[in-house]
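Next come two complexes, and both contain chain A; in the first it sits with chain B, in the second with chain C.
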Partner chain A sequence: MEMEREKREEKPKYKFNRLETLKLIGPWVDAHWDGLRVAKKEGKKVAWSMGPLFPIAYAMDIPCHFHAGYAAYCGGRKGVPPLLEAAEAEGHILDACSYHRLHMGVISAIEKKLPIREEVMLPTPDIVLSARLCTEHTHQSDAIYRHLKVPTIAIDIIPAHRESDFKMLENYTKRQLTEVAIPFLEDFCGRKFDYDRLSELLAVLKKASEIRNECWKFFELVPSPWTLWDWGVSIAPVFYLMGQPKTVDYFQQLKAELQQRVDQGIGAVHPQENFRVYWDGWVPWSFLGPISRKLLSFGANPIVGKYPWEFFPHPEGIDPNRPIDSIVEQWYSYMMSTRSSPEFALPFIEESVEKYHLDGMIMFASRTCRLWNLGEQDIIDEIERKYGIPGVVLEADMIDPKFFSEGQIDTRLQALFEMMEARKRRRR
Partner chain B sequence: MEQTLNQIFNLVTDPYTGIAAWKERLQKKVVGCMPMHLPEELVHAAGLQPVVLWRSNEPVTLGHAHVYTFNCGLTRSVVDDAVKGKLAVLDGIITYDLCLQARELPFIINRNAPPAYLETVYIPGPVTAPVYKDFLLENFRNLKASLEKFSGQTMTQDALRQSIALYNRQRGLLRQLYALRRQTPGLIRAKEMLAIVQSGMLMPKEEHIPLLENLIAELPKRTVSSGKKARVVLSGCMCQTPRFDLLDLIEEEGMAVIDDEIYVGGRYFFHDVAETGDPLEALAERYLNRTIPCPTKVDWTNHWGDYLVDWVGQQKAQGVVTLLVKFCPPHLCYYPDVKKRLANANIPEVMLEVEHEVVSLEQVRTRLQAFVEEIR
Partner chain C sequence: MPEIYAGIDVGSLCTKVVILDAGRNVLSSHILRSGGHYQGAAEAAFSGALESAGLRIKEISFLVSTGYGRARVTFSDTHVTEITCHARGAKHLFPHVHTVIDIGGQDSKVIYVNDEGRPKNFVMNDKCAAGTGRFLEVMAGALEVSLQEMAELSFHAQGESEVSNMCTVFAESEVISLLAQGTEKADIAAAIFRSIARRITGLVGKLGLKEPVVMTGGVAKNPGMVRALEEKLRTTLLIPPEPQIMGAYGAALIAAEQSD
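What follows is the complex of A and B.
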């Protein structure tokens, strides 16, 4: 073991080859969140969306927040700690979802006019839309309502446990959209729902996601010209930044850059990609820097994960002429909300092992989010047995630094990579 | 009466042996139901015997390989019991997406210790639009069909009506016991009441009813110490039972629990099912109706804090002891606002975390002492 370590330390230091196209994202995301604040100042109504209902707000031309996107943004801009502290001061308990606490921190900052940096603050919502993909989404909107008493609506999007339940759940969700959410929004806006606008958004989304899928193909190459973290920061254009024509250009440019890399024989990890790993759970938004550096020190490239694969993985099924049906089918039959259940995650990971030539699995278990976690240990077990690749659990959190212990993460990664090295050698 | 209480305590401290014994005697298949919102009547009317899944008294060991330490005690304990083979006493298990943690249970159970029958249903979170009733009914109908298939017995409307009547009867008796406790604080100890309610979740109602009748007849004969106690109510505590020593501590520190709205308690029997009309609809209505606000349901205009303020007033209680199941997201997210609402109404409140593992009670004792001083 000692020798191994020494050998690794002798190796040249690894680094990521950065993609130029990615630089477009930062300003674009900033503009989105800034746009919300500007809209509010100009007297426009703005929405908060707990869960994935923002497209219906966009269709009505309402600037809309998306809670996980905001958490990622806030994490990336190092704005999380003071907001979590504000929530704690209000009696929120650390064991509660940190996205929940983050938003409660924002509410407290609004109510008490706390001095939070403007760029990470949200404007007070005029309406709250909630889709209960995770039960926590409605706990959040409930709590927002209790404080701000703004019009609030929630629908259920229950992830399925069996394929045979897709149709029932799709019908249920469609009915809620057309009988509950959309009429509520129409009432709020005082005009009919703009289905044509939703169709337009979906047409652009379809195109962007199709090209994105071509970018995903590059992950199958060894070495891979890009890394999961690159894709992580590229999610927004096919999610809460959906529908803008430049999203199509973005993925076109990205694809060209990836192709160019392949042509020149350049991989994402310099000088070489040693290990290819599966990443389970959230992209660790607040800790992306430290975590990616840790993996990099082993020459490891995270390639695929069920969460980052949730964003319209089957755009071929999007039919802009049937906008509501299409969205709901994407959530179920086309494996978006459904992929979070371990029943569907397991086959996805099995398929990924071969498709992406994986050497190991990292389960990023977020202490305060219990949606992706349960079942992870069983999945490691199953995959290890079937494919002989090892896995490890890292316990941390998506954004709360209180649950981020470097020591624990280092020890577990060390063990994992030693195991992977040994198995790789055996295979050779 | 003492014998009845002994029987009850034996069952709740060792459900495995207790259930196996009556199962053998009655020759019935037993189906474990995830707590809170499943209609046990439906299982019963299919000729099966429902029980409500419980938290064991053992620390989690083998379960660690399947469920993280930061999940609630009930889910960890159920997984642990399942992989230890202790749930083999159950012929079936029904789960639903009550919360994030309950959601993944069927996957883990199915992989590691599948019972003969494992069913998952979907229960809507929101409750106020017609679509929710339709969806719930659709799921109850599916569950009915699936139960019939497992039991090999068709469920008639009449059978379901009879089950509902039986369950209402048991609920009514529990309400009578609660009324006795309210009339004479200290007459029934907190842990006794909890054990009485829980025993009804772990045995056939047909057999629980005579026990309740016996208690209702005998308990008033008990002598109750005349010392003045502070009147408190218990709130919260989803799914899992608190440890008895925690309840004892509340009483040892000079409080009498006069009522509660915890799940293994007042929440379980608060509402009857209508005995008229379509029985399946009646079961759905029981869930959809506004009863004690439940953080696992989505009905934000019905504030739990408001409810508590009214209820505490009606009970003339001096304070609220909140029992919060450690790592229970629905309650965690709601609790701070409940606390605030109570504070605004000048109602003293103290929160105790309900853990699965043994914890040091000394810290809890100190907090309770401070609380008692505040409310006296």
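What follows is the complex of A and C.
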């Protein structure tokens, strides 16, 4: 039967206004990962950093990767599936961290000379620096060592459960760095550790993250001139691109562009920002496109989240004259994964609800990483009870497409926005 | 011309249509298998419901689609999720409802309903199909019985067999192993329903049980499942006269509200 009704047309009603400054990031990250391959070809030593130890490699002028940064890059460049397949062909189980499997896929590709696109490949490391931010990190470096047999050192950054434990755990981590990791690196390089260079890097990082935090304040404005995804893309200049003077320029330019938008009344979502949502958990690097499109179809802007605060959030705590102390104190500072439990997360989210005028919460649960997803339903219930805003858990993964179902995410997000719309109508 | 409203629920297994008159009375309903072509299933089911009601398509004032294929129904006026639709339908039939359990073909949902019949909070199964209608169909297939026969069998269970609730494929293997060991089909059927009941109880636990509880979706027509769930939740489930059409019914009610 021919349906004699007018067909419903679904034209995209909203679009994101892209920030010009963000366009700088793509070429920089390309250059970083390309730089590792070039360095290796030129006979230089290169490092892999499983966890946040790359600053000590940079201080010794060793080109270094950062595992989560690489996974994000690979996800953004659509390079993940063949590498995960390579890992699975080696028998790596699907429930293991997809970032880890990605690296095991790289190792398999190196060993078997698999035809992987060069731009998403890593060179074989000459040294592996591992620091446990999650329970799997040290096992990951162990697995890498078993294959590559290159010098590998792992330190343990133990999560804290009480404020009163921070100092003790910080001291334990500092001692591991100064008494184990740095001597290991000195031995590998055949020279003394360059504390002065680390101080220089931190001085630039301090400046860059100061301006970055000023940019964060723009999220308080309604409409917001930018999105959490923009903030996520801007992590690299304060993380694995840290210490480069251009990163300070980047945030200055970004801040100026955000201010210009505010002056001109331009928001991130065009023509209007309908909903402001909190995003919890990983930025879904491989699936940003479909998730963004879905959010955008409701005029929703992901405003804030705690994951992007993982990366050097407290410039005031960075003292270039105390470089090792500064780094460790940042690891144990507010919002780092060393404080991943709901007890630490809840106050941040509660504060965010009012400060950023949030309408709802999206808890992104990564199937192969539960680090940020402890007590997510409890958090939703608590926030709903206190502030009357709804939330939803999205189950997927950071990068593994096997755990991503667009249909399921679609239904959950639409249901969330239906609840948010109903509450808005009631308030009106 | 009196206002006529329709709701179409294009689910992963079945497509359901409900047509209401201006007084929100059901004029007709229609259910058929969705197959692989959602748009075609929606058109066929809608035609069937129109024919039963003696209506022409032009007489429909407002049409809301829902379910997994909701966006594929290009002739609907708007689409709404099944979460909102089941909540609305359940609230209309059971005004005091607080919780709705909907076991659909591919999703299980537990929905808290507010006083206005809107979802206040909800949880759904993760990506695994365990605890869904599809899971039940696969298990019935492994036992080589119909869903109705599986329900009847479960009432005659004597033993205490166990089936994993982790994964449809593993559970199917377990069923086959139990059969190979000579376990009675009745015991296996009861174990299958208990495994789904555990899964749903886990979802309910995320929100906390708030009575009265209405069960919707095609699986609510299965007495074996209803009994297992009632035992596990320790509550009496309220079942609509035709639970399978509750999503479409809710969609039609929303269509009527849109028209108001």
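To be clear about the criterion, the second predicted complex is superposed on the first by the 410 of 428 C-alpha atoms of A that agree within 3 Å, B and C clash if a C-alpha of one lies under 4 Å from a C-alpha of the other, contacts with A are read in each partner's own complex, and residues count from 1 in each chain.
As a convention for this text, a residue touches a chain if its C-beta (ideal position, glycine included) is under 8 Å from a C-beta of that chain, and two chains touch if they have at least 3 such contacts.
Only a predicted model underlies this, so the values are computations on that prediction, with no experimental measurement involved.
In the superposition on chain A, contact is made by A:I158 with chain B only, not with chain C.
In the superposed model, A:R367 lies in contact with both chain B and chain C. In the superposition on chain A, contact is made by A:A415 with chain C only, not with chain B. By the touch criterion defined above, A:Q377 reaches both chain B and chain C.
When the two structures are aligned on the shared chain, A:P390 is found in touch with chain C, with no touch to chain B.
In the superposition on chain A, contact of A:A89 is made with neither chain B nor chain C. In the superposition on chain A, A:H139 makes contact with chain B only, not with chain C. In the superposed pair of complexes, A:A256 makes contact with neither chain B nor chain C. In the three-chain superposition model, chain A touches both chain B and chain C at residues 367, 377, 381, 393, 395.
The residues of chain A lying in touch with chain B in their complex are 90-93, 95-97, 100, 104, 132, 134-136, 138-143, 145-147, 152, 154-156, 158-159, 161-162, 165, 168-169, 172, 175-176, 179-180, 341-343, 365, 367-371, 373-375, 377-378, 381-382, 393, 395.
Considering their complex, residues 43-44, 46-47, 57-58, 60, 63, 68, 71, 74-78, 80-84, 107, 116, 118-124, 126-127, 206-207 of chain C touch chain A. Across the complex, chain C is touched by residues 1, 3-8, 10, 367, 377, 380-381, 384, 390-393, 395, 403, 405, 407-408, 410-412, 414-415, 418-419, 422, 426 of chain A. Looking at the complex, you find that chain B touches chain A at residues 65-68, 70-71, 75, 97-101, 103-108, 111-112, 120, 122, 124-126, 129-131, 134-135, 138, 295-296, 298, 300-301, 303, 324, 326-327, 329-330, 332-337, 339-340.
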